[in-house]
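Order of writing sets the chain letters: A, B and C. Residues in each chain are counted from 1.
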Amino acid sequence: MIVRTTHLKKFNNKWYKPGASKTTMFLWYYTNMFFFASRWLPISKLKINLLRMFGAKVGHGVVIKPSVNIKYPWRLTIGNDVWIGEEVWIDNLDDVRIGDNVCISQGALLLCGNHNYKKSDFGLITGKIILEEGTWIGAKAVVCPGVKCNSHALLTVGSIATTDLEAYTIYQGNPAKPIRTRVIES
Amino acid sequence: MIVRTTHLKKFNNKWYKPGASKTTMFLWYYTNMFFFASRWLPISKLKINLLRMFGAKVGHGVVIKPSVNIKYPWRLTIGNDVWIGEEVWIDNLDDVRIGDNVCISQGALLLCGNHNYKKSDFGLITGKIILEEGTWIGAKAVVCPGVKCNSHALLTVGSIATTDLEAYTIYQGNPAKPIRTRVIES
Amino acid sequence: MIVRTTHLKKFNNKWYKPGASKTTMFLWYYTNMFFFASRWLPISKLKINLLRMFGAKVGHGVVIKPSVNIKYPWRLTIGNDVWIGEEVWIDNLDDVRIGDNVCISQGALLLCGNHNYKKSDFGLITGKIILEEGTWIGAKAVVCPGVKCNSHALLTVGSIATTDLEAYTIYQGNPAKPIRTRVIES
(Lines give C-alpha, C1' and ligand atoms only; values in the text may rest on other atoms or scores of the structure.)
Protein backbone atom coordinates (compact mmCIF):
# COMPACT_ATOMS: atom_id res chain seq x y z
CA MET A 1 0.00 0.00 0.00
CA ILE A 2 1.21 3.44 -0.88
CA VAL A 3 0.67 5.91 1.91
CA ARG A 4 0.12 9.24 0.30
CA THR A 5 0.84 12.64 1.74
CA THR A 6 -0.60 16.11 1.42
CA HIS A 7 1.22 18.63 -0.75
CA LEU A 8 -0.20 22.09 -0.19
CA LYS A 9 2.14 23.34 -2.91
CA LYS A 10 -0.08 21.53 -5.40
CA PHE A 11 -3.16 23.38 -4.16
CA ASN A 12 -4.90 25.06 -7.08
CA ASN A 13 -7.97 27.21 -6.61
CA LYS A 14 -7.83 28.96 -9.96
CA TRP A 15 -11.18 27.45 -10.91
CA TYR A 16 -12.74 29.34 -8.01
CA LYS A 17 -14.56 32.56 -8.86
CA PRO A 18 -15.04 34.92 -5.91
CA GLY A 19 -17.69 36.72 -7.94
CA ALA A 20 -16.20 40.19 -7.95
CA SER A 21 -13.28 42.06 -9.46
CA LYS A 22 -9.97 42.39 -7.65
CA THR A 23 -10.66 46.07 -7.12
CA THR A 24 -14.01 45.36 -5.52
CA MET A 25 -12.45 42.68 -3.33
CA PHE A 26 -9.74 45.08 -2.26
CA LEU A 27 -12.22 47.82 -1.42
CA TRP A 28 -14.47 45.42 0.45
CA TYR A 29 -11.55 44.06 2.46
CA TYR A 30 -10.91 47.48 3.98
CA THR A 31 -14.59 48.39 4.22
CA ASN A 32 -15.16 45.20 6.19
CA MET A 33 -12.14 45.92 8.38
CA PHE A 34 -13.06 49.53 9.00
CA PHE A 35 -16.85 49.43 9.38
CA PHE A 36 -17.80 45.82 10.17
CA ALA A 37 -14.99 44.03 12.03
CA SER A 38 -14.54 47.16 14.18
CA ARG A 39 -16.62 48.56 17.03
CA TRP A 40 -16.38 52.32 16.69
CA LEU A 41 -19.54 52.92 14.63
CA PRO A 42 -22.35 50.70 15.92
CA ILE A 43 -24.96 51.82 13.38
CA SER A 44 -26.77 49.09 11.44
CA LYS A 45 -28.21 51.38 8.78
CA LEU A 46 -24.84 52.47 7.51
CA LYS A 47 -23.59 48.90 7.39
CA ILE A 48 -26.65 47.74 5.48
CA ASN A 49 -26.12 50.48 2.92
CA LEU A 50 -22.51 49.43 2.53
CA LEU A 51 -23.50 45.78 2.13
CA ARG A 52 -25.96 46.76 -0.62
CA MET A 53 -23.34 48.88 -2.37
CA PHE A 54 -21.17 45.78 -2.52
CA GLY A 55 -23.91 43.64 -3.99
CA ALA A 56 -25.64 42.06 -0.98
CA LYS A 57 -29.43 41.74 -1.01
CA VAL A 58 -30.64 42.94 2.37
CA GLY A 59 -34.26 43.25 3.52
CA HIS A 60 -35.73 45.69 6.02
CA GLY A 61 -35.52 45.53 9.81
CA VAL A 62 -32.02 44.05 9.75
CA VAL A 63 -29.71 44.59 12.74
CA ILE A 64 -25.94 44.17 12.43
CA LYS A 65 -24.00 44.34 15.68
CA PRO A 66 -20.35 45.40 16.10
CA SER A 67 -17.31 43.32 15.24
CA VAL A 68 -18.92 41.31 12.43
CA ASN A 69 -16.72 39.78 9.73
CA ILE A 70 -18.17 39.22 6.26
CA LYS A 71 -16.12 37.70 3.45
CA TYR A 72 -18.02 38.51 0.27
CA PRO A 73 -21.18 40.64 0.46
CA TRP A 74 -22.00 39.92 -3.20
CA ARG A 75 -22.63 36.33 -2.16
CA LEU A 76 -24.96 37.29 0.69
CA THR A 77 -28.75 37.47 0.78
CA ILE A 78 -30.47 38.59 3.97
CA GLY A 79 -34.25 38.65 4.39
CA ASN A 80 -36.40 40.89 6.60
CA ASP A 81 -36.09 41.26 10.38
CA VAL A 82 -32.81 39.44 10.69
CA TRP A 83 -30.35 39.92 13.55
CA ILE A 84 -26.64 39.41 13.13
CA GLY A 85 -24.94 39.37 16.52
CA GLU A 86 -21.64 40.72 17.79
CA GLU A 87 -18.55 38.89 16.48
CA VAL A 88 -20.55 36.87 13.97
CA TRP A 89 -18.37 35.63 11.13
CA ILE A 90 -19.95 35.02 7.73
CA ASP A 91 -17.10 33.34 5.88
CA ASN A 92 -19.06 33.06 2.65
CA LEU A 93 -16.72 31.79 -0.02
CA ASP A 94 -20.00 30.43 -1.36
CA ASP A 95 -23.55 31.81 -1.32
CA VAL A 96 -25.20 32.40 2.04
CA ARG A 97 -28.95 32.89 2.03
CA ILE A 98 -30.57 34.05 5.25
CA GLY A 99 -34.37 34.02 5.36
CA ASP A 100 -36.76 36.26 7.29
CA ASN A 101 -36.76 36.39 11.09
CA VAL A 102 -33.42 34.63 11.47
CA CYS A 103 -31.23 35.30 14.49
CA ILE A 104 -27.50 34.58 14.32
CA SER A 105 -26.21 35.05 17.86
CA GLN A 106 -22.90 36.44 19.04
CA GLY A 107 -19.72 34.67 18.00
CA ALA A 108 -21.42 32.28 15.54
CA LEU A 109 -19.62 31.23 12.35
CA LEU A 110 -21.14 30.44 8.95
CA LEU A 111 -18.36 28.48 7.25
CA CYS A 112 -18.57 27.89 3.49
CA GLY A 113 -15.04 26.66 2.82
CA ASN A 114 -13.73 23.15 3.10
CA HIS A 115 -10.84 21.11 1.73
CA ASN A 116 -10.76 17.73 0.05
CA TYR A 117 -8.68 15.95 2.68
CA LYS A 118 -8.70 12.80 0.56
CA LYS A 119 -6.61 14.46 -2.11
CA SER A 120 -2.94 15.20 -2.00
CA ASP A 121 -3.62 18.70 -3.36
CA PHE A 122 -6.08 19.47 -0.54
CA GLY A 123 -8.47 20.94 -3.11
CA LEU A 124 -10.84 23.71 -2.15
CA ILE A 125 -14.49 22.73 -1.75
CA THR A 126 -17.15 25.32 -1.07
CA GLY A 127 -20.72 24.81 0.00
CA LYS A 128 -23.70 27.15 0.17
CA ILE A 129 -25.39 27.78 3.49
CA ILE A 130 -29.13 28.33 3.69
CA LEU A 131 -30.79 29.52 6.87
CA GLU A 132 -34.52 29.33 6.31
CA GLU A 133 -36.99 31.64 8.02
CA GLY A 134 -37.10 31.65 11.79
CA THR A 135 -33.90 29.67 12.37
CA TRP A 136 -31.77 30.57 15.34
CA ILE A 137 -28.02 29.96 15.29
CA GLY A 138 -26.85 30.09 18.91
CA ALA A 139 -23.85 31.93 20.31
CA LYS A 140 -20.48 30.51 19.20
CA ALA A 141 -22.21 27.85 17.09
CA VAL A 142 -20.82 26.88 13.68
CA VAL A 143 -22.74 26.01 10.49
CA CYS A 144 -20.54 23.95 8.17
CA PRO A 145 -20.30 24.15 4.35
CA GLY A 146 -23.32 22.95 2.39
CA VAL A 147 -25.65 22.86 5.39
CA LYS A 148 -29.28 23.91 5.07
CA CYS A 149 -31.06 24.86 8.27
CA ASN A 150 -34.72 24.34 7.56
CA SER A 151 -37.51 26.58 8.82
CA HIS A 152 -37.25 27.46 12.53
CA ALA A 153 -34.43 25.00 13.21
CA LEU A 154 -32.39 25.91 16.30
CA LEU A 155 -28.69 25.25 16.80
CA THR A 156 -27.76 25.61 20.47
CA VAL A 157 -24.80 27.49 21.95
CA GLY A 158 -21.43 26.22 20.74
CA SER A 159 -22.91 23.42 18.62
CA ILE A 160 -21.53 22.41 15.22
CA ALA A 161 -24.01 21.74 12.41
CA THR A 162 -22.38 19.34 9.95
CA THR A 163 -25.57 18.12 8.26
CA ASP A 164 -28.89 19.72 7.34
CA LEU A 165 -31.10 20.66 10.27
CA GLU A 166 -34.74 19.64 10.11
CA ALA A 167 -37.48 22.22 10.47
CA TYR A 168 -38.74 23.11 13.95
CA THR A 169 -36.06 20.97 15.58
CA ILE A 170 -33.44 21.81 18.21
CA TYR A 171 -29.89 20.54 17.69
CA GLN A 172 -27.01 20.29 20.13
CA GLY A 173 -23.46 18.98 20.30
CA ASN A 174 -20.49 18.38 18.03
CA PRO A 175 -21.65 17.08 15.64
CA ALA A 176 -25.08 18.57 16.36
CA LYS A 177 -27.82 16.00 16.94
CA PRO A 178 -31.57 16.60 17.26
CA ILE A 179 -32.59 16.77 20.92
CA ARG A 180 -36.13 18.19 20.89
CA THR A 181 -38.90 19.56 18.73
CA ARG A 182 -39.23 23.32 18.73
CA VAL A 183 -42.84 24.15 19.41
CA ILE A 184 -43.83 27.79 19.10
CA GLU A 185 -46.73 28.11 21.49
CA SER A 186 -47.90 31.64 20.86
CA MET B 1 -52.45 22.15 14.05
CA ILE B 2 -51.33 25.69 13.54
CA VAL B 3 -47.63 25.92 12.84
CA ARG B 4 -46.49 29.23 14.22
CA THR B 5 -43.57 31.29 13.05
CA THR B 6 -41.15 33.70 14.64
CA HIS B 7 -41.68 37.41 14.09
CA LEU B 8 -38.65 39.35 15.26
CA LYS B 9 -40.55 42.53 14.44
CA LYS B 10 -42.73 41.81 17.49
CA PHE B 11 -39.68 41.59 19.75
CA ASN B 12 -40.12 43.95 22.68
CA ASN B 13 -37.45 44.40 25.30
CA LYS B 14 -38.76 47.63 26.76
CA TRP B 15 -39.27 45.93 30.11
CA TYR B 16 -35.52 45.32 30.29
CA LYS B 17 -33.50 47.73 32.43
CA PRO B 18 -29.78 47.79 31.62
CA GLY B 19 -29.21 49.45 34.97
CA ALA B 20 -27.50 52.63 33.80
CA SER B 21 -28.36 55.83 31.96
CA LYS B 22 -27.96 56.13 28.21
CA THR B 23 -25.03 58.48 28.74
CA THR B 24 -23.26 55.99 30.97
CA MET B 25 -23.92 53.21 28.49
CA PHE B 26 -22.54 55.34 25.67
CA LEU B 27 -19.41 56.23 27.64
CA TRP B 28 -18.87 52.63 28.68
CA TYR B 29 -19.27 51.39 25.12
CA TYR B 30 -16.25 53.41 24.01
CA THR B 31 -14.30 52.84 27.23
CA ASN B 32 -14.73 49.11 26.71
CA MET B 33 -13.72 49.42 23.06
CA PHE B 34 -10.71 51.59 23.77
CA PHE B 35 -9.26 50.11 26.96
CA PHE B 36 -10.65 46.58 27.30
CA ALA B 37 -11.40 45.06 23.88
CA SER B 38 -8.07 46.45 22.65
CA ARG B 39 -4.49 45.33 23.27
CA TRP B 40 -2.44 48.52 23.37
CA LEU B 41 -2.47 49.12 27.15
CA PRO B 42 -2.06 45.81 28.99
CA ILE B 43 -2.30 47.26 32.49
CA SER B 44 -4.79 45.63 34.86
CA LYS B 45 -4.75 48.41 37.47
CA LEU B 46 -6.07 51.00 35.07
CA LYS B 47 -8.80 48.68 33.84
CA ILE B 48 -9.88 47.88 37.39
CA ASN B 49 -10.14 51.57 38.19
CA LEU B 50 -12.26 52.09 35.10
CA LEU B 51 -14.52 49.16 36.01
CA ARG B 52 -15.02 50.66 39.47
CA MET B 53 -15.78 54.10 38.03
CA PHE B 54 -18.54 52.44 36.02
CA GLY B 55 -20.03 50.71 39.04
CA ALA B 56 -18.34 47.29 39.15
CA LYS B 57 -17.33 45.90 42.53
CA VAL B 58 -13.79 44.59 42.14
CA GLY B 59 -11.60 43.08 44.87
CA HIS B 60 -7.82 43.14 45.15
CA GLY B 61 -5.32 41.01 43.26
CA VAL B 62 -7.43 40.98 40.09
CA VAL B 63 -5.74 40.49 36.72
CA ILE B 64 -7.45 41.51 33.47
CA LYS B 65 -5.69 40.48 30.28
CA PRO B 66 -5.91 42.22 26.89
CA SER B 67 -8.82 42.02 24.48
CA VAL B 68 -11.54 41.50 27.09
CA ASN B 69 -15.12 42.47 26.28
CA ILE B 70 -17.46 43.48 29.12
CA LYS B 71 -21.07 44.48 28.46
CA TYR B 72 -22.19 46.27 31.65
CA PRO B 73 -19.67 46.82 34.48
CA TRP B 74 -22.44 48.00 36.83
CA ARG B 75 -23.76 44.46 36.76
CA LEU B 76 -20.39 42.91 37.59
CA THR B 77 -18.97 41.81 40.95
CA ILE B 78 -15.46 40.39 41.08
CA GLY B 79 -13.88 39.02 44.28
CA ASN B 80 -10.22 38.89 45.29
CA ASP B 81 -7.42 37.20 43.34
CA VAL B 82 -9.43 36.65 40.19
CA TRP B 83 -7.90 36.22 36.73
CA ILE B 84 -9.73 37.22 33.58
CA GLY B 85 -7.92 35.86 30.53
CA GLU B 86 -7.25 37.24 27.09
CA GLU B 87 -10.33 37.51 24.83
CA VAL B 88 -12.72 36.69 27.66
CA TRP B 89 -16.22 37.97 26.95
CA ILE B 90 -18.48 38.87 29.86
CA ASP B 91 -21.78 39.46 28.08
CA ASN B 92 -23.61 40.39 31.25
CA LEU B 93 -27.05 41.61 30.32
CA ASP B 94 -27.77 40.26 33.80
CA ASP B 95 -25.71 40.19 37.01
CA VAL B 96 -22.44 38.29 37.00
CA ARG B 97 -20.92 37.51 40.38
CA ILE B 98 -17.38 36.13 40.41
CA GLY B 99 -16.08 34.85 43.74
CA ASP B 100 -12.53 34.80 45.10
CA ASN B 101 -9.77 32.81 43.40
CA VAL B 102 -11.70 32.28 40.18
CA CYS B 103 -9.85 31.83 36.88
CA ILE B 104 -11.65 32.54 33.60
CA SER B 105 -9.28 31.37 30.88
CA GLN B 106 -8.65 32.83 27.46
CA GLY B 107 -11.54 33.04 25.03
CA ALA B 108 -14.23 32.00 27.53
CA LEU B 109 -17.73 33.49 27.33
CA LEU B 110 -20.13 34.26 30.18
CA LEU B 111 -23.47 34.55 28.38
CA CYS B 112 -26.41 36.09 30.23
CA GLY B 113 -28.81 36.61 27.34
CA ASN B 114 -31.27 34.13 25.89
CA HIS B 115 -34.46 34.21 23.85
CA ASN B 116 -37.79 32.53 24.38
CA TYR B 117 -37.74 30.37 21.28
CA LYS B 118 -41.20 29.07 22.11
CA LYS B 119 -42.73 32.47 21.53
CA SER B 120 -43.38 34.13 18.23
CA ASP B 121 -41.92 37.39 19.60
CA PHE B 122 -38.64 35.66 20.55
CA GLY B 123 -38.75 37.46 23.91
CA LEU B 124 -35.54 38.35 25.71
CA ILE B 125 -34.69 36.22 28.75
CA THR B 126 -31.72 37.03 30.91
CA GLY B 127 -30.11 34.92 33.61
CA LYS B 128 -27.55 35.72 36.28
CA ILE B 129 -24.26 33.86 36.32
CA ILE B 130 -22.56 33.00 39.58
CA LEU B 131 -19.01 31.66 39.68
CA GLU B 132 -18.31 30.66 43.25
CA GLU B 133 -14.84 30.73 44.78
CA GLY B 134 -12.15 28.64 43.18
CA THR B 135 -14.04 27.81 39.99
CA TRP B 136 -12.07 27.54 36.78
CA ILE B 137 -13.72 28.26 33.43
CA GLY B 138 -11.46 26.75 30.76
CA ALA B 139 -10.29 28.35 27.55
CA LYS B 140 -13.06 28.92 24.97
CA ALA B 141 -15.66 27.46 27.35
CA VAL B 142 -19.14 29.01 27.62
CA VAL B 143 -21.31 29.49 30.72
CA CYS B 144 -24.96 29.83 29.72
CA PRO B 145 -27.60 32.17 31.23
CA GLY B 146 -28.76 31.37 34.76
CA VAL B 147 -25.94 28.92 35.48
CA LYS B 148 -24.32 28.77 38.91
CA CYS B 149 -20.89 27.20 39.08
CA ASN B 150 -20.51 26.04 42.65
CA SER B 151 -17.30 26.22 44.68
CA HIS B 152 -14.22 24.94 42.80
CA ALA B 153 -16.21 23.54 39.88
CA LEU B 154 -14.13 23.19 36.72
CA LEU B 155 -15.39 23.57 33.16
CA THR B 156 -12.88 22.13 30.70
CA VAL B 157 -11.62 23.70 27.47
CA GLY B 158 -14.37 24.44 24.96
CA SER B 159 -17.14 22.96 27.10
CA ILE B 160 -20.64 24.47 27.36
CA ALA B 161 -22.24 24.71 30.82
CA THR B 162 -26.00 24.71 30.36
CA THR B 163 -26.92 23.69 33.92
CA ASP B 164 -25.48 24.41 37.36
CA LEU B 165 -22.10 22.84 38.04
CA GLU B 166 -21.67 21.00 41.33
CA ALA B 167 -18.89 21.93 43.71
CA TYR B 168 -15.47 20.32 43.30
CA THR B 169 -16.55 18.60 40.09
CA ILE B 170 -15.02 18.64 36.60
CA TYR B 171 -17.35 19.05 33.62
CA GLN B 172 -16.70 18.42 29.95
CA GLY B 173 -18.58 18.44 26.65
CA ASN B 174 -21.51 20.14 24.99
CA PRO B 175 -23.65 20.08 27.04
CA ALA B 176 -21.09 19.76 29.85
CA LYS B 177 -21.40 16.60 31.93
CA PRO B 178 -19.57 15.71 35.15
CA ILE B 179 -16.56 13.52 34.42
CA ARG B 180 -14.53 13.52 37.64
CA THR B 181 -14.30 14.90 41.15
CA ARG B 182 -11.82 17.72 41.59
CA VAL B 183 -9.63 16.85 44.54
CA ILE B 184 -7.23 19.54 45.73
CA GLU B 185 -4.41 17.57 47.24
CA SER B 186 -2.26 20.28 48.74
CA MET C 1 -11.54 15.21 55.45
CA ILE C 2 -10.07 18.62 54.84
CA VAL C 3 -11.60 20.33 51.87
CA ARG C 4 -8.92 22.50 50.39
CA THR C 5 -9.38 25.64 48.39
CA THR C 6 -7.53 27.40 45.61
CA HIS C 7 -5.41 30.43 46.50
CA LEU C 8 -4.34 32.23 43.34
CA LYS C 9 -2.31 34.57 45.54
CA LYS C 10 0.10 31.66 46.09
CA PHE C 11 0.57 31.20 42.35
CA ASN C 12 4.24 31.29 41.51
CA ASN C 13 5.51 31.05 37.97
CA LYS C 14 8.99 32.37 38.61
CA TRP C 15 10.46 29.07 37.49
CA TYR C 16 8.97 29.65 34.05
CA LYS C 17 11.35 30.98 31.39
CA PRO C 18 9.59 32.62 28.43
CA GLY C 19 12.82 32.26 26.48
CA ALA C 20 13.44 35.90 25.63
CA SER C 21 14.43 39.13 27.35
CA LYS C 22 11.83 41.53 28.69
CA THR C 23 12.73 43.99 25.95
CA THR C 24 12.16 41.38 23.26
CA MET C 25 8.87 40.38 24.84
CA PHE C 26 7.78 44.01 24.97
CA LEU C 27 8.71 44.60 21.33
CA TRP C 28 7.02 41.40 20.23
CA TYR C 29 3.85 42.26 22.12
CA TYR C 30 3.36 45.39 20.02
CA THR C 31 4.64 43.78 16.81
CA ASN C 32 2.07 41.04 17.26
CA MET C 33 -0.65 43.59 18.01
CA PHE C 34 0.23 45.84 15.10
CA PHE C 35 1.10 43.39 12.32
CA PHE C 36 -0.43 40.03 13.26
CA ALA C 37 -3.57 40.49 15.38
CA SER C 38 -4.64 43.29 13.02
CA ARG C 39 -6.07 43.20 9.50
CA TRP C 40 -4.68 46.26 7.78
CA LEU C 41 -1.62 44.65 6.13
CA PRO C 42 -2.54 41.21 4.80
CA ILE C 43 0.92 40.33 3.49
CA SER C 44 2.38 36.98 4.56
CA LYS C 45 5.96 37.74 3.49
CA LEU C 46 6.33 40.65 5.85
CA LYS C 47 4.90 38.66 8.75
CA ILE C 48 7.23 35.76 8.08
CA ASN C 49 10.22 38.10 8.11
CA LEU C 50 9.05 39.54 11.41
CA LEU C 51 8.60 36.07 12.89
CA ARG C 52 12.14 35.16 11.84
CA MET C 53 13.54 38.39 13.32
CA PHE C 54 11.98 37.34 16.62
CA GLY C 55 13.50 33.87 16.51
CA ALA C 56 10.88 31.70 14.82
CA LYS C 57 12.06 29.08 12.34
CA VAL C 58 9.80 29.38 9.30
CA GLY C 59 10.07 27.40 6.06
CA HIS C 60 9.07 28.48 2.55
CA GLY C 61 5.58 28.65 1.09
CA VAL C 62 4.02 29.69 4.38
CA VAL C 63 0.78 31.68 4.38
CA ILE C 64 -0.32 33.72 7.41
CA LYS C 65 -3.79 35.21 7.22
CA PRO C 66 -5.03 38.35 9.01
CA SER C 67 -5.89 38.62 12.69
CA VAL C 68 -3.50 35.92 13.92
CA ASN C 69 -2.29 36.00 17.52
CA ILE C 70 1.11 34.51 18.38
CA LYS C 71 2.46 34.50 21.92
CA TYR C 72 6.19 33.80 21.58
CA PRO C 73 7.72 33.47 18.08
CA TRP C 74 11.02 32.24 19.55
CA ARG C 75 9.17 29.10 20.60
CA LEU C 76 7.68 28.50 17.15
CA THR C 77 8.89 26.25 14.35
CA ILE C 78 6.97 26.19 11.08
CA GLY C 79 7.84 23.87 8.18
CA ASN C 80 7.27 24.35 4.45
CA ASP C 81 3.92 24.99 2.77
CA VAL C 82 2.00 25.66 5.94
CA TRP C 83 -1.21 27.69 6.12
CA ILE C 84 -2.20 29.61 9.21
CA GLY C 85 -5.79 30.80 8.90
CA GLU C 86 -7.57 33.98 9.92
CA GLU C 87 -8.00 34.45 13.68
CA VAL C 88 -5.74 31.51 14.52
CA TRP C 89 -4.30 31.81 18.01
CA ILE C 90 -0.94 30.20 18.76
CA ASP C 91 -0.75 30.60 22.52
CA ASN C 92 2.68 29.03 22.76
CA LEU C 93 3.91 29.39 26.30
CA ASP C 94 5.75 26.21 25.33
CA ASP C 95 7.29 25.05 22.05
CA VAL C 96 5.02 24.60 19.06
CA ARG C 97 6.41 22.63 16.13
CA ILE C 98 4.43 22.64 12.92
CA GLY C 99 5.54 20.23 10.20
CA ASP C 100 5.32 20.55 6.41
CA ASN C 101 1.96 20.81 4.65
CA VAL C 102 -0.01 21.56 7.79
CA CYS C 103 -3.22 23.59 7.62
CA ILE C 104 -4.51 25.37 10.71
CA SER C 105 -7.93 26.69 9.77
CA GLN C 106 -9.63 29.91 10.81
CA GLY C 107 -10.28 30.50 14.49
CA ALA C 108 -8.29 27.47 15.72
CA LEU C 109 -6.35 27.65 18.99
CA LEU C 110 -3.07 25.94 19.88
CA LEU C 111 -3.08 26.09 23.68
CA CYS C 112 0.16 25.35 25.54
CA GLY C 113 -0.77 26.58 29.02
CA ASN C 114 -2.55 24.69 31.74
CA HIS C 115 -2.91 24.87 35.51
CA ASN C 116 -2.50 22.22 38.17
CA TYR C 117 -6.07 22.26 39.43
CA LYS C 118 -5.17 19.69 42.09
CA LYS C 119 -2.94 22.18 43.86
CA SER C 120 -4.01 25.08 46.00
CA ASP C 121 -1.48 27.32 44.22
CA PHE C 122 -2.96 26.49 40.78
CA GLY C 123 0.58 26.01 39.46
CA LEU C 124 1.37 26.73 35.82
CA ILE C 125 1.90 23.68 33.61
CA THR C 126 2.96 24.05 30.01
CA GLY C 127 3.01 21.44 27.28
CA LYS C 128 4.55 21.40 23.82
CA ILE C 129 2.34 20.97 20.80
CA ILE C 130 3.54 19.05 17.76
CA LEU C 131 1.63 19.06 14.51
CA GLU C 132 3.29 16.54 12.24
CA GLU C 133 3.28 16.85 8.46
CA GLY C 134 -0.03 16.95 6.68
CA THR C 135 -2.19 17.45 9.77
CA TRP C 136 -5.28 19.62 9.45
CA ILE C 137 -6.65 21.50 12.44
CA GLY C 138 -10.21 22.49 11.56
CA ALA C 139 -11.86 25.86 12.04
CA LYS C 140 -12.41 26.84 15.70
CA ALA C 141 -10.81 23.59 16.88
CA VAL C 142 -8.51 23.57 19.93
CA VAL C 143 -5.32 21.56 20.48
CA CYS C 144 -4.61 21.24 24.21
CA PRO C 145 -1.21 21.39 25.99
CA GLY C 146 1.13 18.47 25.39
CA VAL C 147 -0.80 17.07 22.45
CA LYS C 148 0.99 15.58 19.47
CA CYS C 149 -1.00 15.33 16.26
CA ASN C 150 0.68 12.60 14.26
CA SER C 151 1.17 12.62 10.51
CA HIS C 152 -1.96 13.63 8.54
CA ALA C 153 -4.26 13.53 11.57
CA LEU C 154 -7.40 15.64 11.13
CA LEU C 155 -9.25 17.49 13.86
CA THR C 156 -12.71 18.50 12.67
CA VAL C 157 -14.41 21.89 13.06
CA GLY C 158 -14.82 22.97 16.69
CA SER C 159 -13.33 19.78 18.13
CA ILE C 160 -11.07 19.73 21.18
CA ALA C 161 -7.94 17.52 21.07
CA THR C 162 -7.04 16.59 24.64
CA THR C 163 -4.88 13.56 23.81
CA ASP C 164 -2.47 12.67 21.01
CA LEU C 165 -4.09 12.15 17.62
CA GLU C 166 -3.07 9.06 15.68
CA ALA C 167 -1.69 9.34 12.19
CA TYR C 168 -4.11 9.39 9.24
CA THR C 169 -7.11 9.48 11.57
CA ILE C 170 -10.04 11.89 11.78
CA TYR C 171 -11.14 13.11 15.21
CA GLN C 172 -14.32 14.84 16.26
CA GLY C 173 -16.05 16.07 19.41
CA ASN C 174 -15.17 17.37 22.86
CA PRO C 175 -13.06 15.54 23.84
CA ALA C 176 -12.12 14.56 20.28
CA LYS C 177 -12.56 10.86 19.47
CA PRO C 178 -11.43 8.98 16.36
CA ILE C 179 -14.30 8.64 13.89
CA ARG C 180 -12.68 7.51 10.64
CA THR C 181 -9.43 6.74 8.92
CA ARG C 182 -8.15 9.44 6.62
CA VAL C 183 -7.32 7.85 3.31
CA ILE C 184 -5.57 10.03 0.77
CA GLU C 185 -6.65 8.55 -2.54
CA SER C 186 -4.59 10.51 -5.00
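Going forward, a contact is a pair of C-beta atoms (placed from the backbone, for glycine too) under 8 Å apart; a residue touches a chain by one contact, two chains touch by 3 or more.
Predicted, not measured: the structure shown is a model, and the values here were computed from it.
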Listed by label, which chains are in contact with subunit B and with subunit C?
-> A
Type of subunit A:subunit C copy interface by residue overlap (half), same or different = different
At what distance in angstrom does the C-alpha mean of subunit C lie from that of subunit A?
-> 25
Contacts with two or more other chains, residues of subunit A listed in rising order | 158, 173-174
Hey, which residues of subunit B end up touching subunit A in the complex?
-> 3-9, 29-30, 33, 37, 89, 91, 109, 111, 115, 117-120, 122, 142, 144, 158, 160, 162, 173-175
Sort out for me which residues of subunit A touch subunit B in the complex.
-> 39-40, 42, 61, 80-83, 87, 101, 103, 106-107, 133-134, 136, 139-140, 151-152, 154, 156-159, 168, 170, 172-174, 182-186
